[in-house]
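Below you'll find a set of structures to go through.
One chain, subunit A, links the two complexes that follow: it is found with subunit B in the first and with subunit C in the second.
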Partner chain A sequence: MPRDRFDQLMTASLVAVVIFVGILLAGGEAGKDHHQSSALDRQLEREMLYQARMAFIERNYDPVMILRDSGALQEALLKLTELARTLPDDAHNDLLSGDILLRMSQFDRALAKLATAVRRNADYVDAASPLNQRPLIESAVAQGLPLVRDRLRSQPDNRTMAQILKDGYYLQSRLAGGCE
Partner chain B sequence: MKSLILTVLLLGVLLSGCDQTPAGQPIRIGYMNCNSEAETRQRFRPLTAYLEQQLGRPCEAVPVDTQELESRFAAGEFTFTHGNSLLYIILRENHGLQLIATEKRGQFGSRTAGAIIVRRDSPIQTLQDLKGKRMVFGPQLAPTGYLAQYDLMLQAGFDPERELEYYAIPHGAYKHEKVIYGVYFGDYDAAAAPILDLEMMIREGRVSADDFRVLAQSEIIPYCTFGAAQGVDAELVEKFRKALLDLTPETTVKIDGQTLKVLDAAWIDGFETLLDQDYDPIRTMAKRVNMPPYQEF
Partner chain C sequence: MSFSLQDRHFWVVLVAGLSLGILGVFLAVWGNPQNSGICVSCFIENSSGALGLHDNERMQYLRPELIGFVLGSIVCAGVFREFRSRGGSAPLARLVSGIFLIVGSAVFIGCPIKLFLRLTAGDLTAVAGVFGLVAGVWIGLQGLARGIDLGRSEEERGATGLLIPAGFVLLFVFLLARPAFIIFSERGSAAQHAPLMVSLVIGLLLGALAQRSRFCITGSVRDSLLMGSRSPLFWGFLAFFLGALGTSLVTGRFSFGLYGQPGAHLEHLWSFLGMLLVGWLSVLIGGCPFRQLIKAGEGDADAGLAVVGMLLGGGLVQSWDIAATAAGVSITGKISVLAGLAFVLVVSLFSRDRTV
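Take a look at the complex of A and B:
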């Protein structure tokens, strides 16, 4: 029980502090909830975007992948040419072109196409992404870069090869985790 | 006052010279007709005007029929030539043509291929199924419209002279397109199609990739090539090569008051310097098919 005015003041201050801390704690919890919920929203949004992208790829590029997998490589390339009419500058067109050109042993062209694909969509070198194509890109770099270097040794004035060497190094750097 | 008048006159002379054609004997560039003479003139006029600017010498574009290019080149008509890769080999082997640069266009850049195509719904599945069928080829000196396909068949043990029921080469201009349409409309069972022409027709929406099946495809070989006559001043050759390699999609020239993109007008993506040995697969094909410059009678 408060015995004098000072005790009453102390009690009132204590009650005020408890209420203030309570309010702070309650507000903090709400912020945390809000933060967690927006992170979840972002994750969900990203997941939905990936799913939409995967569905888009399947819907548009399935015929190309069927031709490719059956060994009809030139027909697959021609189908990609046709798709570029309706979906110009789409990264997946470049990626599949790179894949097919690699299977046709056109290593320099494959490196150029894959570099364009990664510049347009970095998910292809992200191991955690559903669009991850690291094994394909690693294979193109491993097979193509030594050949491009050899060509430049015998023909240092070949500007096309010099540009493709840059593309190869760019892919190598992106695979190693480097940025643009 | 006198010096002011002289300065004004000098400036006038200098400024009026900006748009003038360089003086001197023109450098003649022989361009192989791809489809027609009119098309060749239209395609290569801006490129020739650009070369004129870069070389500081007047240049003349001369469209030439494929069959006449060798004899006219041998007669000394051209300092530089632009033709297909088989013509490059013929002129190199027979007349010492120097390799300058190779044109880039389409999926394979400075290279391309020849294919034997059939309609998607055709019962023909292999080259052997062509026995007794009707086929259409491109012009005889076309590396990816005739040579490559003829060689593919010989390599598969199929003699087109004896085993096809009939084969034809279209008359007149636009032979490669006629070949592709010949199969498309069902006039022939199979066609010798240059992959690049097929790619361009698909890109332009004139045919669909789903209309055809590729029955067989050749090795990927160099595409159209610029060359210089033997004995042309080395400095001029190097200047010519540099001018071609310096071209970008943004390079323009002014013709008849219009600003034109040089590469766009010529349907070219750019140029690459290849090595003569890159053309060896074509030499091998020409030997197997008994075609110039290795033809034996």
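Take a look at the complex of A and C:
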């Protein structure tokens, strides 16, 4: 409790500051603030960037998907190799390669490609993302992992296969969820 | 047993442990990430991101459980007249310890609570972490026995003990008002969460129970190593473990194995070392990340500084790529754990009373 004039002055100042903050909030000043709007801009930018990424994928990889859907799997892979020269290290290239290799029953290579894609962009295993490819990856893991395990059992020194097995476990773990 | 079954404290500890185990699993059933119903370090990383301390857009959410832990603790401490502003024991060492608590947890992928939630969900990769935590607590106890002491905290004038709870009240306001500068992920594990009010109420309840019981995981390990089954915390831990295991089995969340576990990696050495760091630091500063939040709610400004360090750590582990993922532990993660061990060794060397 305030005991002397100094205490009273401090208490009165505190009340004044609280009232001032209240006035600023009630008057909507916070909403007009430049920093507030720049925070909103940042969120908008993030969303726009995401939309742009989706449009980018559609524009660049549409020809590959047409080839894939028509059953021209080798041509689709060639097209992806060609695209990788102009768009190196793009996660969607790896994802589509994995998809096509899976259709060609090359399970080990499909697993490696899909693991690279998910490492580069976790949205592929995110059910809430428009890029969600969980069914494809689940199918690759379900079909590929037992075969890779069998092959490694018969060739225990095969380092490439050991790495692909790790890739398979990685995908399995990402599909299972948990914290990132 | 050195306590009687009529001892009220024993039952409070038992209820606290059981509630933490059961609700820890149920929070994941209700929307939190798999095996992460309660994970203080993950929640701290999410909250740091929401405050703009890192830019991982998949890890930004102001977790209501954290707010509940601190506010539940202060309300309970207030009601039972246990709130006391205190501090002044090696504040900077505690701040840095808070950072390294999150580093160790991030490299393991989870705090000590999540360690056992993972284990009780059948995740065998957590076993290395259990060994690490027990080893860390044991080393910490050896240090305490040989005179390592950060110094006593003193009663503090003023309202320093209220600062951290006040900060969490502000976070609660942010959570409800959602100002534009607070960021909420729309994808990734931070976008997975139980309904806000459910998380908040459970946080409040567990915060209050933990305040009354002094229950925490590393405290239980510590007391079990010192006193075995004579310690009420041993039984609280057993209740937590069995509660989590039973709930995992009943809700179909139990998946036994080493591979393909959610939010886990296969670098067992680093899981061991990450948790060793957490266990050791927890003994040194008197509690794991969860306990630091509870103590901060009781007016302990030293624990409050550890909480501030944890929030900073939450930002750093994401910004500097220290946090491990299912793909494994990065080189910065490995170096950071070793830096943490170097830190705790230096603190131990310089904080030792050699007359003991």
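FYI, the second predicted complex is superposed on the first by the 130 of 180 C-alpha atoms of A that agree within 3 Å, B and C clash if a C-alpha of one lies under 4 Å from a C-alpha of the other, contacts with A are read in each partner's own complex, and residues count from 1 in each chain.
To be clear about the criterion, a contact is a pair of C-beta atoms (placed from the backbone, for glycine too) under 8 Å apart; a residue touches a chain by one contact, two chains touch by 3 or more.
Computed from a predicted structure; not experimentally measured.
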Q. With the two structures laid over each other on chain A, which partner does A:Arg159 touch: subunit B (first), subunit C (second), both, or neither?
A. first
Q) Counting only touches as set out at the top, which of subunit B and subunit C does A:Arg68 meet: first, second, both, neither? A) neither
Q) Taking the superposition as given, does A:His92 touch the first partner, subunit B, the second, subunit C, both, or neither? A) neither
Q: Spell out the part of subunit B that touches subunit A in their complex, as residue ranges.
A: 104, 107-111, 113, 115, 195, 198-199, 202-203, 205, 208-210, 212-214, 217, 220, 245, 270, 272-273, 275
Q: Enumerate the contact residues on subunit A facing subunit C in the complex.
A: 30, 35-37, 39-40, 43, 46, 119, 122-123, 126, 128-129, 166, 169-170, 172-180
Q) What part of subunit A is in contact with subunit B in the complex they form? A) 72, 74-75, 77-79, 81-82, 84-85, 97, 101, 104, 106, 108-109, 154-155, 157-160
(Q) List the residues on subunit C that touch subunit A in their complex, please. (A) 33-36, 39, 42, 57-59, 109-110, 114, 179-181, 183, 186-189, 191-192, 255, 259-266, 325-327
